[in-house]
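Please go over the structures that come below.
Next, two complexes with chain A in common: one pairs it with chain B, the other with chain C.
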Partner chain A sequence: MLLYLLRRVFYAVPIALAVGFVCFMLVQIAPGDPINAIVPPDAPADVVDQVRRDYGLDKPLLVQFGLWLSKVAVGDLGRSLATGRPVWADLHSAIGNTLMLAFAASSLGFVLGCVLGGLAGTFRGSVLDRTAVGVAVAGVSVPHYWLGMVMVVIFSVQLNWLPAMGAGPGGSSDWGWDWDHVKHLVLPTVTLSVIPMGIVTRTVRGIVAEIMNQEFVVALRGKGLTRWGVFLHVVKNAAPNALAVMGLQLGYLMGGSILVETVFSWPGTGLLLNSAIFQRDLPVLQGTILVLAMFFVALNLCVDLVQTALDPRIKRG
Partner chain B sequence: MTLRRLLMAATLAVLPGLTPGPGQAQGTIRIGMTAADIPLTHGQPDQGFEGNRFTGIPLFDALTAWDLSRGDRPTPLVANLATSWEVDAADKTRWIFRLRPGVKFHDGSDFNADAVVWNVRKVLDREAPQFDPRQVGLTATRMPALRRAEKVDDLTVALITSEPDSFLPINLTNLFMASPAQWERLRAAAPSAEAAWNAFAAAPSGTGAFRLTRLVPRERAEYARNEAYWGEKAKAEKIVLLPIPEANARTAALLSGQVDWIEAPAPDSVPQLKARGMVIQQNLQPHFWPWQPCFAGESPLKDVRVRRALNLAIDRDGLKQLLGGFMEPSVGTVGPGHPWWGNPDFRIRTDKAEAKRLLAEAGYGPGKPLNLKVQISPSGSGQMQPLPMNEFLQQDLKTIGVNVEFDVVDWNTLFTNWRQGCAAPSARGAHAINVSISTMDPFFALVRFYDSKMAAPVSNNWGLFNDPRFDAMIREARNTFEPAARDAALAKLHAAGVEEALFIWIAHDVSPRAMSPRVKGFVQPQSWFVDLRLPSIQ
Partner chain C sequence: MSTATTPTAAEAELAVQARQVQAKSEGYWAGVWKRVRRDPVTIVCGSILLLMLLAIVFAPLIAPHDPYQGSMIRRLKPIGTPNYLLGTDELGRDILTRLLYGGRLSWFMGIAPVVIAFVVGTTLGVIAGFVGGRMNMAIMRTTDVFYAFPSVLLAVAISGALGAGIFNAILALTLVFIPQIIRVAESVTQGVRNLDFVDAARASGASGFTIVRVHVLGNVLGPIFVYATSLISVCMIIASGLSFLGLGTKPPEPEWGLMLNTLRTAIYVQPWVAVLPGACIFVTSICFNLLADGLRQAMDVKG
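Take a look at the complex of A and B:
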């Protein structure tokens, strides 16, 4: 197992390099100019050239990439072209905010998805099953930014129950787990949870339905186990697959939902990426994508390990 | 008690806690900006003029300023940290500025000639310890002729330009004075000048009417009134700035009571905002939204008859209706009543018959339609609503037999292409480009487009316009130092530009903003900026 773990960590190195290189080249290929993050559009050519030299943007692309990589190797993600702030400082707070939102949304989605999927799989063909499937399909089909806007209109603008934007009355830096802060989390969490809820519902329903047809369930019933006792066996068998799906969903949510974070002005990685893309702020883009990619790799590794722990039949290494 | 009653009681008990409500200290105005981040607070803001509006002028002062106290006239230039100025009669590249006595920075240090020299060197002298390349791009571009500063005495400073330039006092509204003492103190604890400027941005010290009390990058900036301000003090005790880049989110934030004022509400939300008692503010902006023609190669817009025809063909009132009234028809770079208007003989209006006649005279008609390609963006700062506006123009020009094709590129790309000129491959054969333009300063309103020396890639003469008559008029304006005579020279230049139809003038922005009726005393001047000292909140 230790060897397996080391091998997986080692695999992350080429992945990081590839992610960094592809991201760097994609930004270079895209039309536009990173210098626009630093100088206004009406800047004379001599000023633009001078600033380009000051920032090293006149160097060959591979040299620029090499310089960035050498800094990353010692833990320095560089500075934002637009603000001059260290990328890690902005990224650190953004990741914290997105993690909070992603965990809240995936927990809600996972719980609802498991409940709905479990009920639908247990009572196949019933009204309950059809309702759960309908909710799941709606969850994955409704554009979540649209749902977010509708919820803002209802709960913020009309009812004035919940705030429409932001991460707390004083911003995310003084976050606390009291209602004044938590209420800012409600609408983005619900909005972001609908897709994982739909996917988990459909996955769990399929797994439960399949397990319910297996012979060992008939045998358990034949042995006189109560419905609750059978249910526990089904849950234990369904858990590894459901967990794998949820791990992936958490990874996607960690990437930050650009649209949902923009709709709610939630200061996470999605909003950070959004402004970095429009400003061609290369250090912020590369740093953010690299860290998120590494997080995704780490998350998959954790899911694999937890799966193994839950189901000893799955061998790693 | 039934379960239903119990639930209702519980809900009612929780409701007051759910409601965001005003809940703010009296005198705190919360503003939802369009920017995605708090503009830089080190003294030379980014984020275009929204940066100057919210983190430049309130925290810092410049030597000269715009009078933003009235909305019924173009904003005049007034004394600020400088009380008077004049060009040296013997050397027109040397200006003398006399400084306001008794002004102190927020950190308590004195504002004087040394501070001015220090601030000029921060962007123009690469050998200065405080030189900051980041601020060069944001500042030097707006003071193209300034070269250096020299202290004459404690309250007098000489500013030297590369050539005689009567626009310098106007340019200087963009050079904000940061405290050298505060920077030196932070530099002592910082590993580099760059790090010191970052520390300064977190704890800035200017001479402005507000002090920064809290900064959460990307989330909020909080200001407190500067009780020691040298001029008229602000009425509001506090200002809170919140970046909310999405227009619907800004509108929802205002309607739900999270902010008291939003910049640029979504146009289709205006009826709802009005119905909920919100106040919509708007005024003519020193801005225009044109098609800038290409004068090079085979461009059909080289022919003045075609350019005039397009200017006459556009139904600007129809466009205004499309935008819900949030624009003013543009009949020049500036409008009648502006000191630079100049009363041109060619009057821009809607006259489709005359437009058709001019096109026919230029050789275009049903047998040979005029085909135009225009490079546009789907969005962008100051771009208003480029897609529906351009589509309207496309349909409108079709009525006189002009076929318009669009090359849509994103805003950043359009910027880049604008610098490269219409003969560059990046123009992809476009005959015009649609970039909105600020007109606060004569260099940015007129000179950079009409001067042959400003042809791309040097500056924004994208169309590569070259006419010695215009070069001579520009020289005359830059060498006329008495303000009224300088304005007259600029008026001559502007009128000549309209007569030659050097742009297809379409719209002026009116910069709508919406605010709670609790905000009192706000004045929307004819400017990109506002005076945050004036409003208060009940």
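Take a look at the complex of A and C:
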């Protein structure tokens, strides 16, 4: 097992490097000379040349990548062009907020998806099944940024029950465990949870239906096991796959929450990315994408390892 | 010279049977169409999409107003205002007109990237699956890298770096979908590559290109096509999402995602007018999704 673990971690290294390279290239494919992002447009030519040398921008691309990588490795993501502050300073509080939202949404989506998918898979072909499938299709087809707006219209504008934007009272961006903060979390969480809900429903429905058709379930029933007992067996068989799907969804939501965060002005990475795009603040864009992508790579690895640990049917080859 | 003999009775019988089978059994597509026809959900979705397509193609003929012409005195009228059936936007432009015109770009940006990715991804995926070896390694390891990004994030990253614009958005979305199609294409091709009829073709001296063209493509295009149709819905949502973020389309061009963004400020004044463009995206996307599901069943593609 330890050997398997080491090998999997080893395989993730080239992927992580390549992901880093793609993020590095983001600034290179951006129109215009990257030097314009550092020096003011009216700087004299010799100053521009000096800065170009200082930043290593006169060196070949791969050398530049090496330089950039060595900085990133020690946590230096550069400075924001708009505020002049280090990118990491703004990023780490934003990541906390995004994680909070993504975790809440994928948990909610997972629970709802398991219930719906489990019921649908057990009572296949019933009205319940068709309803669950319909809800699942709607969940994966709905533009979630629009759903967020509809939620705001209903619950904030018309009913005035829940706040429409921000993460806390008075526009505070720090999280706290009180009702005022939780109230702000409700609408974005529900909005974001529809995607994992739809996908988990589909997956769990498929798995459960497949398990229910297998002979061991008939045997369990035949030996007189109660419904609850059979249920536990089915859960045990379905859990590894369902958890794997859920883990990946958490990662997708980390990246995908950018649109929902924009709708609700949630102070996370999405809002950060949005303002970076608006101001063409490439270092912030690059740093945020890099950190989110690395998180996704790590999460993929964890999901693989957990699934292998949980499921004896997967060979650790 | 081969000895031309008169057919024996048994051979003649076989020939007659073969002709009968040919006459009776319909083609593959006829079977698919028959199954689609029996599936009410697919028919309804297909009809809705067809109607929408007609509406946006003939937008200049049916739209009651000019999509760019606003007026300060009739801003943000509610739904049901006479002459402005679905209300007006924040610049006093007719919503119905802009929805009709906006569908053109939304559909284009939802379908074009998938079509390009289908062509490029199938080519690369079939090459990877059929040639195997180092070629497979090179192509598949590259797709792994793009797979390491959540798709929305990758689309936002690329079009964010390139800057706003329809072309950049389509480029970004194409790059997002190519790896996904490559993966499917590669795995179906792998499945077909080792089947007996491919071996037979190779034994009879067919070149690799001929085998792919005659024997492989016909067997892999169906599943890849079904997968690609299921991507249209995702693509439309992300494309409109990019416009919603201010990437993609630029004002005053009508596009559903961008309309949703500019109407967002009007949410406290005319909430139900403001959410209309999103409803259009939703309906289109759910119809494409259900259509893809129906096609998958009718074409009997697993997965």
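Things to note:
The working rule: the second predicted complex is superposed on the first by the 256 of 317 C-alpha atoms of A that agree within 3 Å, B and C clash if a C-alpha of one lies under 4 Å from a C-alpha of the other, contacts with A are read in each partner's own complex, and residues count from 1 in each chain.
One rule holds in what follows: contacts are C-beta pairs under 8 Å (C-beta built on N, C-alpha and C of every residue); 3 or more make two chains touch, one makes a residue touch a chain.
Since this is a predicted model, take the numbers as computed values, not measurements.
Contacts of A:Ser141 after superposition: chain C is touched, whereas chain B is not reached. Look at A:Gly117: by the touch rule set out above, it reaches neither chain B nor chain C.
Applying the stated contact rule after C-alpha superposition, one finds that A:Thr262 touches each of chain B and chain C.
When both complexes are overlaid on chain A, the residue A:Arg280 reaches chain B and chain C alike.
In the superposed model, A:Gly247 lies in contact with neither chain B nor chain C. In the superposed model, A:Met149 makes contact with both chain B and chain C. Residue contacts after overlaying the shared chain place A:Leu271 against chain B, while chain C stays out of touching range.
Looking at the shared chain after the overlay, A:Val48 reaches chain B, while chain C stays out of its contact range.
When the shared chain is aligned, chain B comes close enough to touch A:Arg85, but chain C does not.
On chain A, the surface patch touched by chain B in one complex and by chain C in the other comprises residues 31, 149, 152-153, 157, 262-263, 274, 278, 280. Within the complex formed with chain C, the residues of chain A that make contact are 14-16, 18-19, 22-23, 26-27, 29-31, 137-138, 140-143, 145-147, 149-150, 152-153, 157-158, 251-252, 254-256, 258-259, 262-263, 273-274, 276-278, 280, 282, 285-286, 289, 292-293, 296-297, 300.
Chain contact summary for the complex, chain A toward chain B: residues 31-33, 35-36, 38-48, 50-51, 54-55, 79, 82-85, 89-90, 93-94, 149, 152-153, 156-157, 160-167, 169-173, 179, 183, 262-265, 267, 271-272, 274-275, 278-280.
Contacts from chain C toward chain A in the complex involve residues 141, 144-146, 148-154, 156-158, 160-163, 233, 237, 240-241, 244-247, 257, 260, 264, 267-268, 271-272, 274-275, 277-279, 281-282, 285-286, 288-290, 293. Interface residues of chain B, counted against chain A in their complex, comprise 15, 17-21, 23, 36-37, 40, 46, 48, 133-134, 136-138, 140-142, 144, 194, 197-198, 201, 216-220, 242-246, 248-249, 252-253, 255-258, 409-413, 415-416, 418-419, 435, 444, 448, 457-460.
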